[in-house]
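Chain lettering (A, B, C and D) follows the sequence in which the chains are written, and residue indices restart at 1 in each chain.
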Amino acid sequence: MAANSSGVTRKAFLRGLGAAGAGGLIVGAAGGYAGGAASSSSSGSSGKSSGSKAPIVIGSGVPVTGLYAGDGQMMQRGQRLAIDEINAAGGVLGRQLQMSVLDTQTQQPDVMKSVFQKFVSDGVAAIFAPFCTYSSVEFPVVAQAGIPTFHVNTWHGNVDFVKQHGITNIFQGDPSETWYGPGFVVLVEELIKTKKWKPSSKTMAIVTSNDPYSLNIAKTFNTEMTKLGWKATMFQQFTAPQADWSAVLVNIRNNPPGIVFFSDYAASDEAAFIKQFRQSPTKSLVYQQYAPSIPQYLQLAGSAADGVLWSTVVGILQNDPIADPFQAAFTKQFGTGPGFSNAGDQYDLVHMWANAAAEAGDPYDFKSINEIIKNTVYRGVCGTYRFPDDYLTCYPYPDYTKDPSLGMPHLTFQIQNGKQVLVSPDPYSTGSFQLPSWL
Amino acid sequence: MSERPSKFATAFPDMTAGRWAISGVLIVIAALVPVVVSNEYAMTVLVTTLILLVLNISWNFVLGIAGVWNFGQLAIYALGGYGAGILMLHTSLSPWLALLAGGVVGAVAAILLAFPTLRLYGIYTSLLTFAFAEVIQYVILNDGSGLTGGSFGLPIVRGLFGTASIASANRSYYWTVLAVVVLATLAVAAVSRSSLGIALRGLRDAPAYAAARGVSPLKFRLIAFALSGFLAGIAGALYVSFNQSIDPGVMGLTPMSIDVTMLVIGGMGTITGPIIGTALLAIVQTALVSHPGAELTILGVFLLVVVVFVPGGIVGLVSRYRKRISTWVAEDDSGGDPAENDDDVQPEGSTEQSVA
Amino acid sequence: MSLSDIVGILVTTVILGSIYGLVAIGMTLIYGTLRILDMSQGSMVMVGSFIGWGILVVAGWNPIIAIVLAFVATFGLGTLTQLVSVQPLMKRMNSIDFEMVTFITTFAVAMILSNVALEVLGPQQRNVTPVISGGINVYHGVNLPYQSLTMAIVSVVMMAGLGIFLARTRWGMAIRAVAQDLDAARLMGVPVSKLYPLTMGLASALAGVAGVFLGGLYFAYPSAGDLPLLEALIVVIFGGLGSLPGTVYAAYAIGLIQAIAEVIVGETWSLPILYGVILLVLIFRPYGLLGKPSEARL
Amino acid sequence: MSDSPRLRVAGLRAGYGDSTVIRDLNLDVGAGEVAVVVGPNGHGKTTLLRAISGLLKPTGGQVELDGTDVVGQSAERISGLGLVHVPQGDGLFPEMTVEENLLMGAFGGGAWRSRRTELAKIYDRFPVVAARAHQRARTLSGGERRLVGLGRALMRTSQIMLIDEPSLGLAPVAIDTVYEAIGDLKSGGATIVLVEENFTHVGQIADSVHVLETGTIVASGSYAELSVDPTIVQTYLGSV
């Protein structure tokens, strides 16, 4: 056939083309990852020579989409502000910082592993991943690489894992969740002792979301209070998000408790609850854990939140010489305040790491940097960071240490006239407890 | 020896020697990837994608080939994962047996789910199965017994390769999951070409006619669910082995929308569709990983455009062009056998299937 | 069970049932007319919530403006959604996979809308000021917020309004005619290529108005539509796809089941109980409470 | 035949998918004329009407209404030009009341304004329909449904009517009533194309009769002519 002077039939030609194309797809896909990684790691390795002026890349793993995206935005802003300040002051060892953001979604194991793996492959100098898995499956990935890694997952299981596996580079920048319950019990006792509050009855209604975190806090509180002779009239779990509380409120109003203890970390849930509670309140002290620290809480709840108590094991200090400039700078840069926790702790942790990296003289000398951090006492906008033992976690003041310069203050706030007033502990407090208007 | 290949060949009547050769070459290339790739992030992404591919192959079978609108597949996947994970956690059973057990859990769950869907049609099936998935997720989230760990997921499990280093574990998982993908593809292809597959498509395209011809919806739907559930369970077990944990985040609207997009873009109801769709979207997702947030918008646009303008997905598009090309080839290759032009593609609403 | 339990159950039923009715009637209208399950309805609720936030909180204008604007904007968006995601597929209307492909395309629209909202407006939840604040103490401990009461009234008014529109007006009758016999309706001169987008616009507008109210309860944020979508799906399928009276009954029936479950058993198990009931209904009545296999609609 | 027919069909071709049902079909109907098309089932009578009214897009040929070519236009557009198609099995909206069904007849063609007067006229003409005004259409008997279908077609004036097998499935008494009504329409001046399987009932009203076989007209003529043609009588006259 004239058409086939080349000796290749059209069919054979197409087959060859198809195979080459499909093969190319596989190789291309794999090569794409490898190539991308190679280019960044080559820049990383060139950056690793200590004389280089190339920017230092740090990894930010935050929830950008999904349930915790609101928290994620505040975390990222805290990191951003710290980086901008450091860069404006000349960077770390004369090198600018760059942030590489990856989405941790809802911290599913595969997502976290892949995020950590990418940070390791890209050769970042430090990882700031405020939320991580509770099973710690991604920890070995960074443990092997030794990169200084910081989280505020507030979960004892994570620090246990670090201790058990002898990990030296994964730091929890706040105390574990186990300190919440006991901390509030101490506060309740003191309120009664100082006659600032007289419970209508020694009963409590406990409402908690059903994740192990909130559940653990609720259970420890229940146990500690039962020891002191209190009785739970209600212990109810729900699944976040939950916006309609009428049925729970029917039960509370049927049997008004002395304390309503609410344990959940979704701002909208707790705001919705207090709005609906205040429409016809019972004579109960209302404690809501953590969520009021998120700025949206006050916006969402408005004046309904006046009188509510809440606490956090990590929070931004008020009327404080270190925290105030941060508050101002944050508000200036983002047009909204930083709230009470994650923006502050991320800001602190980036600064703390940058100091350690500068001190070590090389941002990629992970071993020295980790050593320095472990032996640091750092006073940031959230109080004192100190990692006294192999758990590599902070401990609370006054629950654990009686010296405020050695522990992170476990802050209790009360919302008064739409403002957050720090009522405990001294010397950080900015006001004192006031009896809520409905009591 | 002479008997086996011929039997094998009859299971895949449209697979010529040439096609087998191409498939073989592709598999070998795929198997060599870990040798070339030294980046552990790339390996993690590849293994995760292959695991997702096993899930998509299983879902494609029940959704595309059997035509049952099962939107509970992610719950079956999760149940398989939890089943295998719990066995790895609390028993000294070989993790390989736990993997199989995950498949069995998936199959059993799928069979139980199949019964109430029998009398339902189309969209009602999808709601019932979706409700099933919601209940499973809810029960796991609310599990106070500590068995599943609620929203925090399972504590760390052994996995298949115990204490191997990250790099060698990644490679071992890659080859393991690749083998499962190949076997699953062969199984689905063989089944959909068998009389069972013909019956399933008959029930999908003309339920009344198929039933009148003696095809039992009960029996075939159960078989379809069982096979698809088994594969989904294995996928879940692979997930829990590789990631050493699993949490309820594997279920829900977002992962489901990504999986559906993969199936639709590749070509639902075809054998190669899930492979192409999963690979393509994995590449897109990886490329977008540094632009979190934009990813889902782009996926949504992709999905819309493909469904509206490329019915049948990429495989459907290719098969339409192949028809044109085969005419072009036929002009040249006048002695060629016409059987060559057969597709592995079943275009939606095709009428070529008759019920035996 | 005490009297306040019973009153509590009734109040919760009214509140929940009205929410469900409001988010589900649009979906029923679309299914009845176009034979598609519109997965973008939840996003319309989200858009309505954001409009409520923009008008009531940012601009500080009158709630009426918020409602009108939400109606108009989501009407337009719904029309556009139909033109983009359904109209190009209408030629496949009689094919076996029509329901499936439109399910997927409207789902894609929902994905796009909520992720664009995420990009543009950010992930924070925003409080939408209640259209009316305060509440009445119905009975010892049982409180009925005016917002919920207003929502219930608006919901009933809108459902009734839709009913009257469909029963009495030229275009309303045309919508029903198209739902019942497409060919015959075209022979009457009903321009279906315009009617379909308008129907989806109308349904979306109902969801958008629902969003203004739900914003005061659930807040405005990019995925604010997920829960209403799920609830609407449950209601329309429970009530029988495409049956308007069925939808209304189902909305309140589901509200009642959930209220009983919440008050008696507790929040934790109310959703699983609801799903369990629906599972049973579907097993014994595969087409829902008032649904029919195919022919009769709206 | 008049010089400018109200309805002209020329060289029409139509079908479903790959199969052509109507081929090379020509048909002229003058103003006020009743043209009856007879033919065996499955030879394209219904397809012809659907192709004229726009429910089915013809693949070739012309359909002219008062001299305007309407091929390729949508059914709703063609309906607006004054064509009314009463489909096989009535095409009533089953869940709507009789009155609502009648009102739908006035939807297009500018008839909505005068709907109340037209409605009153129809109730006058068909007392049976008036008695059922608020019943749902699906609860009616076959004969009643057919009358509602014709009544609905009358909601608009000055039209060309296509009527598909009005006698199908009716009892003889009901058939008589229906044809009486069609006779009324004729005397009211309507131009009608009527399709039947045979011409048992059409003698009184047919101006011309056309025999449709395998998709085309094989014989045309007046009722008087065709009713004496022995082959045609044998095939189509049935048991008169």
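Definition applied: a contact is a pair of C-beta atoms (placed from the backbone, for glycine too) under 8 Å apart; a residue touches a chain by one contact, two chains touch by 3 or more.
Source: prediction; values computed, not measured.
**Student:** Report the chain closest to the protein's overall CA mean, measuring from each chain's own CA mean.
**Tutor:** C
**Student:** Would you say B-C or C-D is joined by more C-beta pairs in contact?
**Tutor:** B-C
**Student:** With chain centres set to the mean of the C-alpha atoms, which chain is at the far end from chain D?
**Tutor:** Checked the centroid distances; the maximum from chain D is A.
**Student:** How far is the middle of chain B from the middle of chain D, if each middle is the mean of its Cα atoms, in Å?
**Tutor:** Taking the mean C-alpha position of each chain, the two centres sit 54 Å apart.
**Student:** Indicate the whole-number Å distance between the mean C-alpha point of chain C and the mean C-alpha point of chain D.
**Tutor:** 42
**Student:** Any idea how many Å lie between the Cα centroids of chain B and chain C?
**Tutor:** 33
**Student:** Roughly how far is chain A from chain C, going centre to centre by Cα mean, in whole Å?
**Tutor:** About 36 Å, centre to centre.
**Student:** Could you check chain D for residues that touch two or more other chains and list them?
**Tutor:** In chain D, no residue touches at least two other chains, as defined above.
**Student:** If a residue has to touch 2 or more other chains to count, which residues of chain B qualify?
**Tutor:** 138, 142, 293, 296, in rising order.
**Student:** Where in chain C do residues touch at least two different other chains?
**Tutor:** Touching at least two other chains: 115, 118, 268, 271.
**Student:** Pull out all the chain pairs that touch, please.
**Tutor:** A-B, A-C, B-C, C-D
**Student:** Quick check on the complex: what are the chain C residues that touch chain B?
**Tutor:** These residues of chain C touch chain B: 37, 84-85, 88-89, 92, 95-97, 99-101, 103-105, 107-112, 115-116, 118-119, 226, 230, 233-234, 237, 241, 268-269, 271-272, 275-276, 278-279, 282-283, 286-288, 293.
**Student:** Would you tell me which residues of chain C are touching chain A in their complex?
**Tutor:** 2, 4-5, 8, 11-12, 15-16, 115, 118, 122-127, 134-135, 137, 140-143, 145, 217-219, 221-222, 227, 259, 262-263, 266-268, 270-271
**Student:** What does chain A use to touch chain C in their complex?
**Tutor:** Per the stated touch rule, the residues are 64-65, 69-70, 72-73, 210, 236-239, 241-244, 246-251, 253-254, 267-268, 271-272, 276, 279-280, 296, 299-302.
**Student:** Residues of chain D touching chain C in their complex?
**Tutor:** So the residues of chain D in touch with chain C come to 53-55, 74-76, 79-80, 84-85, 87, 91-96, 100, 103-105, 107-109, 112, 138, 152.
**Student:** Which part of chain B faces chain A closely enough to touch in the complex?
**Tutor:** 18, 22, 25-26, 29-30, 33, 36-42, 44-46, 48, 138, 141-142, 144, 149-156, 165-166, 239, 242-247, 249-250, 254, 279, 282-283, 286-287, 289-290, 292-293, 295-296, 325, 328-329, 332-333, 336, 340
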